[in-house]
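Shared between the two complexes below is subunit A, which has subunit B as its partner in the first and subunit C in the second.
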Partner chain A sequence: MIFPTSPEIGGMGHAVKRKEDARFIQGKGNYVDDVHLPGMVFGHVVRSPYGHARLKSINIENAMKVPGALAVITGADLAAAGLAWMPTLFHDKQMVLATGKVLFQAQEVAFCVATEQYAAADMAELVEVDYEELPVLVDPHKALDPGAPILREDREEKTNHIFHWEVGDRQETQKAIQAGAVTAKVDAVFQRCHPAPLETCGCVADFNPVTGKLTIWLTSQAPHAHRTLFALVGGIPEQNIRVISPDIGGGFGNKVPIYPGYVCAVVASLKLGKPVKWIESRSENLQSTGFARDYHMTAEISADRDGTVKALRVKTLADHGAFNAAAQPSKFPAGLFSICTGSYDFPKAFCEVDGVYTNKAPGGIAYRCSFRVTEAAYLIERAMDVLAYDLKMDPAELRLKNFIPSDKFPYLCPLGWTYDSGDYPAAMNLALKMAGYEDLRKEQAEKRKKGELMGIGISSFTEIVGAGPAHTFDIVGIKMFDSCEIRIHPTGKAIARLGTKSQGQGHETTFPQIIAQELGIPQQDIILEEGDTDTAPYGLGTYASRSTPVAGGATAMASRKIRDKARKIAAHLLEVSEEDLEWEPGKFFVKGAPSKAKTIQEIAFAAYTNLPDGMEAGLEAVHYYDPPNLTFPFGTYICVVDIDKGTGEVKVRRFIAVDDCGNIINPMIVEGQIHGGLTEGLAIAFMQLISYDESGNVQGGNFMDYLLPTAVETPNWETGKTCTPSPHHPIGAKGVGESPNVGSPAAFVNAVVDALSHLGVRHIDMPITPWKVWQILQEKGIT
Partner chain B sequence: MAVRIEKTFEVPEPIDKVWALLSDPRNVVSCVPGAKITEAVDDRTFKGAISVKVGPSLTEFKGEVKIVQLDPQAHTIELDGKGQDVRGKGGASMKMTGALQALDSGGTRVSTVSEVNVVGILAQFGARMMTDVADVIFKQFVERFQQKLKNPEAEPEGPVAPVSAARVVGSAIGHSIRRVLGGSNES
Partner chain C sequence: MAKTHHVHIQLNGGTKEADVDPRLLLIHFIRDVAGQTGTHLGCDTTSCGACTVLLDGRPIKSCTFFAVQADGRKIQTVEGLTHDGKLHPIQEGFHQEHGLQCGFCTPGMMMSALALLEKNPNPTEEEIRWGISGNLCRCTGYQNIVKAIRYAATKMQQKGAAA
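Up next is the complex of A and B:
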């Protein structure tokens, strides 16, 4: 239970307006591309047109004739410095600039530096690269064929196979599936897509030859981790590296990896002794930086005739592209994909994943997702609908029958995760009520009689967020704690610094609200600073909905350290013992005599002016929080669609989203997060795909072909909430940023499939474009 | 990215005259805007170059054209072409078959089927755009081919500059709008 605070204090639960918006909506943000330094020069990357080719020669002669040309850096130059390759976050390595071969279209081949941005681009046009084309591998299903070209010559293992990973009881699951009355099976592809943040990636690398200090303004979701990686890989002493992550125009996982362009800019700055700016174009962002998903999955659910599930078996082929650049810090090759039993009480389960290389851009990153949770949630929610279809059962009824019972939490799932808390029927029942589910089903039956196509899709997902406990996660051995440092000034105002980095999540508003809740200092009296590694305490950054579960925990704990000291000072000021004091946000008062009180502001002033004997001056604290477990937000989404028989166009008529993310810091920001994530989910379900043709040409590498949702396509989102606090989290919060992206794709797809289910349609792969639906309608004779 | 382009046109000239022109790649290439033969390797193999301007960047392909099959009786020709952008921006290969048919009017019908496979920046325009680019190039080709038929010795008039994709894009948008509006699309 959260103690209610006044609107003036603005603790948890208040819909405080976002402090950062004042500058964002006035165009006063400060992004990497806004950084202008004296003497700054510009870099431009030369990219491979081929998906797979041998690099025969690079001629930079004409490029260097461009007025303003300063340097062209090639793979050979980097190789001489031992920097042609860099490690990825998941036990692989990646070429910075190509040497020997190129392995995907748009791969980085050379880096041109000039005094003007346009000159650098002109140089890139004039770098002559001679390639010898090699056979291209784009289909992951053919990666392990005997005749398939072997892509990675650098590896000892001459195969395109990266890893095999399995979890659960293979034999028991097999037995349960054989014994089951019904087995529902679905093959589902979660397509390759891209977060496409509004701001592309980029950096300004500024090496000062006099001081030896390297400052990098970087589009980074994890500035500290990146500083350490630059130190480890580049051999630069860590105290001489300062990473500054200024305002970021959306990350969604795209800004977790280190990209070759960053490394090239740093190398160029070291070489030239000048600041070097490199900013990606839109197409470069879509074609070369971390994609998401590309999971080719099969699920089998074994069940009794009455719908009781008995076992789940999942087999998946993971297409990682040319390098396994999966930006995920879990100890498992498929991240948290083993959350695939979802919200259901499966007695047995088994999950296996094989990763392969193809001639595609490397990845995959966790697009608004905790490392493959989105794939897992989509698969189980799709498979539950297929089971309902096979059993001719209502999908809501099937889910309610199989939910993990609310009294079984904490719940150990058969694939090893301990779910912290949940009340799945509560969220489901609220969503059904908000939707008017029974009436919708009646309406659907009426419409079917008239030949109209209407569908209702349900997704009752469970998430796993808040990376994470040190036993499950690390980045190059660094535990996935996060941190908060709070300093209270003599006048009772405060500054807080965190190891996380907001990219639009509203940290400048929400973290002060946590402190306001814990200390009673009005939230507007607290400023928050993130993203500068010279000032903020070490942290692992913002992604995977980890800021609130991890840094939020650190913020509460640091506040409590300050409160403990404040209590001592209050006792001194009121001349009573600490045990005689009671706390409510904003003041300590003497038990039974509430008028004998000291406010937090009075205590803060005393911390610098009137201390008990022997106490250190000041009122500040830092806390590094290593969570004991992940948190498990959940919800039920219901989508209603109508399909135009003539065009195949799907119209989302309604979308009801009931989320449970535990205790809420700022309901307005939570709602905003849900709106944004649902809109992204809509785009994934209906519009977005990065595919490759048989020659390895990327299709969907620009905004003509890779579509972003606009207000026109976006329906009205109807949101609701239930609240099941996390029992292990200091403020009972769970994280919400990614829930709508994780939970919604299945709701959209289930709705479309439901609209067509009476025609015998059991599954449609995303993106469900009008063309795809129209083809199905033609095939089924519906016009 | 593979695109199959089928084109047919008729010329008011007798088949033998058309065949004489078509069966020599040097003549054919001189009618392609932006293209030239630079070297005859042997009587069936030629080296050449073609330039296509895409936005601000000039894509200059260098490559080889080979006559795979030439049948003067049936009036069919099969060509294989392969080229790479000189600055490493991409490559293209083409397999083209051409067939002539004498018409009752005394003219000749020229039918061509080209399978073009493009790798690189051009390929990212997508199949729709490629077809439109091909349409523009082909339209100019036919005009120049007809001029050349009338006067085999003269260099064909008309644009010798590389096809500019800016123009192609404009033209393609025009085609698309006409398609949407239900107008005819002659190409």
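Up next is the complex of A and C:
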């Protein structure tokens, strides 16, 4: 239960308007490309046109004749400095600039620097690279074939196999599947796609040769971790590196890794002693940085005739491209994919994943996702629908029958996660009611009689967010805590700094609301800063919906440290003992005598002017919060579609989203996050695809080919909520940003398959384009 | 180096003169030559609309338009929306209705909204959705942008009626 605060205080639960809006609506945001420094020069990357080729020679002579040309950096130059390769976050390494050979189209080959942006691009055109083409491997299913070209000559193991990982009980699951009355099976590909934030990646690296200080303005979702990585890899003393993440134009996981372009800009700045700006073009963004998914999955569910599930077996092939640059900090090669039992009470489960190399861009990153939970949620929600069709059961009824019972939380799932809290039937029943589910089914039956195609898709997902507890997560050994430092000024106003970094989530508004809740200081009296490693406490950044579960916990705990000191000061001012005081947001008062009170503002002033003997002056605190467990938001989504038989076009008629993210800090912002995540889910289900032709040419490498939804294709979202607080989180919150993107793809696909299920259709891989649907209709003789 | 051209461009009520390379894109003129960085570059291919500005009152995508083409003409960007320190109703609408998150598409989106409302002061939801269909937003799912533009339409009509 959250103590209600007044609108003036604006604690948790108030739909406070965003503070950050003022600069953005007036064109005064400060994104990386807006940073302009005196003497700044510009970098441009030369990229490989081939998917796999030996690098024979690089001739920079003509490039250096361009007026304004300053330098061309090649892999050989970096190799001389020991920087041709850099470690990835998951036990692999990747080339910064190619040496020996190139392994994917658009791989970084050289870095041109000039006084003007256009001149740097001219130089890149004039760098002559001689390649010898090599056989290309694009199909991950062929990566382990005996005749497959071995891509990574740098590795000792001469194979394209990266890892095998398994979890659960293989034998018991096998037995349960053999013994089951029914086994439902689905083969599903979660396609390679890209988060495509509207701002691409980029940086300004500014090495000052006089002070020895390197300042990097960086599109970074994790500025502190990036500072440490630059220090460890580049050998620059960490105190001499300052990473500033200014305003970020959307991240969605794209801006978690360190990319070669950043390293090149830093090297160029060190070499030239000038600030160097490098900003990706959109094609560079889509072709080389931050792909996601590319999981080729099979799920089998064994069940009784009455629909009770008995076991789940999952086998997956993961295509990581040329380098395993998975930007994920868990201790497991497939991240949190083992959450694949979802919302259901499976007695047995087994999951195995094999990773392989191909001639594609390296990755993958977690696109609005906690490290493969999206793939897992999609798979189980698809498989449950297939089981429902096999059993001729209603998919809602099947889910309700198999939900983890609400009284079984905390719930240890067969693959090892302990779910903190949940009430799945409550979310499902609300969604069914909002949708008018029974009427929809009746309408569908009538439409089918008339030969019309209408589908209803359900997804009852369980999320796993808030990376994470130190025993399960780290980045180069650094535990995945996050932090908050709060300073209360003498006048009772405050500044707070966090180790996270907003990219549109509204932290400048929501985190002050937590402090307002905990201390009663009006939220508008609190400034929040993030993203400058010279000023903010160390934290691991914003991705995987971790800011609220982790930094939110830190913010509440730092506030409580301040409240503890404030209590001592209040007791001193009121001349009573601490035990005689009671707290409500904004003041301490004497038990039984509420008029004898000291406000937090009076206490703040006293912290600098009138302290008890022996107490240190000031009123501030810092807290590093290592969460005891992850949080498990959940929800039920229902999608209604109509299909045009003539064109195969799918129209999303309605979409009902019931989310449970525990206690809510700002309902306006939560709803906005849900709208946005659902729209990204819509894009994945129907549009987004990065594919490669047989020669390794990337398809979908610009916004003319990589389709994203506009306002016209996007439906109105109908949102609802239930509230099941996290029992272990200081403010009972769970996080919400990625839930709609995790839960919705299955709802869209289930709806389309549902519309065609009476024709025997059981699965369609994403993206579901009109062309795909039209082909199915032709095959089934529907016109 | 190609011969430069001297251009006068009326930008948000002032005039910016410069000798420019004929290939200089208008977006780079606005951002780098005139130093008004509110307009953003999102895709380079006229697809996303982050760079939308008004050219003589009509929306164009400044990433595929040369600065020399704008010589002698009038450009309005997000920086030209605020008057005498007062927010334009479209800016107010985006704030009140939570029509933005990361803010990167917002300047271009607001310029498209302005062009729409000047042509059609009382658009339906469908007309709004088509009116901004050249502008991508990756954060909001558009629903609150539609509301923001409705808010602005109502406010602008009230103002018009009062005047």
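FYI, the second predicted complex is superposed on the first by the 783 of 783 C-alpha atoms of A that agree within 3 Å, B and C clash if a C-alpha of one lies under 4 Å from a C-alpha of the other, contacts with A are read in each partner's own complex, and residues count from 1 in each chain.
In this section, a contact is a pair of C-beta atoms (placed from the backbone, for glycine too) under 8 Å apart; a residue touches a chain by one contact, two chains touch by 3 or more.
Keep in mind it's a predicted model, so treat the numbers as computed, not measured.
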Subunit B versus subunit C on the shared subunit A, clash or fit?
-> fit
Of the two partner chains, subunit B (first) and subunit C (second), which one does A:Tyr50 touch, if any: first, second, both, or neither?
-> first
Mind working out whether A:Thr679 is in touch with subunit B, subunit C, both or neither, as first, second, both or neither?
-> second
Using the touch definition from the top, say if A:Lys28 reaches subunit B (first), subunit C (second), both or neither.
-> second
Which holds for A:Trp717: it touches subunit B only (first), subunit C only (second), both, or neither?
-> second
First, second, both or neither for A:Asn697, with subunit B first and subunit C second | first
Specify the partner with more touching residues on subunit A, choosing between subunit B and subunit C.
-> C
For A:Glu238, decide between first (touching subunit B), second (touching subunit C), both and neither.
-> neither
Considering only touches as defined above, state whether A:Glu61 meets subunit B (first), subunit C (second), both or neither.
-> neither
Now for A:Val127: first (subunit B), second (subunit C), both, or neither, which partner does it touch?
-> first
Once the two structures sit on chain A together, report how near the CA atoms of subunit B get to those of subunit C, whole Å.
-> 9
Share the list of subunit A residues that count as touching for subunit B in one structure and for subunit C in the other.
-> 283, 702, 704
Interfacial residue positions of subunit C with respect to subunit A in the complex | 1, 21, 23-24, 28, 31-32, 35-45, 47-48, 50, 77-79, 81-82, 87, 91, 94-96, 98, 100-107, 110, 128-130, 132-146
Would you tell me which residues of subunit B are touching subunit A in their complex?
-> 1-2, 57, 84-91, 117-121, 123-124, 126
Spell out the part of subunit A that touches subunit C in their complex, as residue ranges.
-> 17-18, 20-29, 31, 33-34, 36, 67, 117-118, 195-200, 247-250, 252, 281-283, 503-506, 668-669, 671-673, 675-680, 702-704, 708, 710-712, 714, 716-717
If you look only at subunit A, which of its residues touch subunit B in the complex?
-> 48-51, 105, 109, 125-131, 133, 283, 693-699, 701-702, 704-705
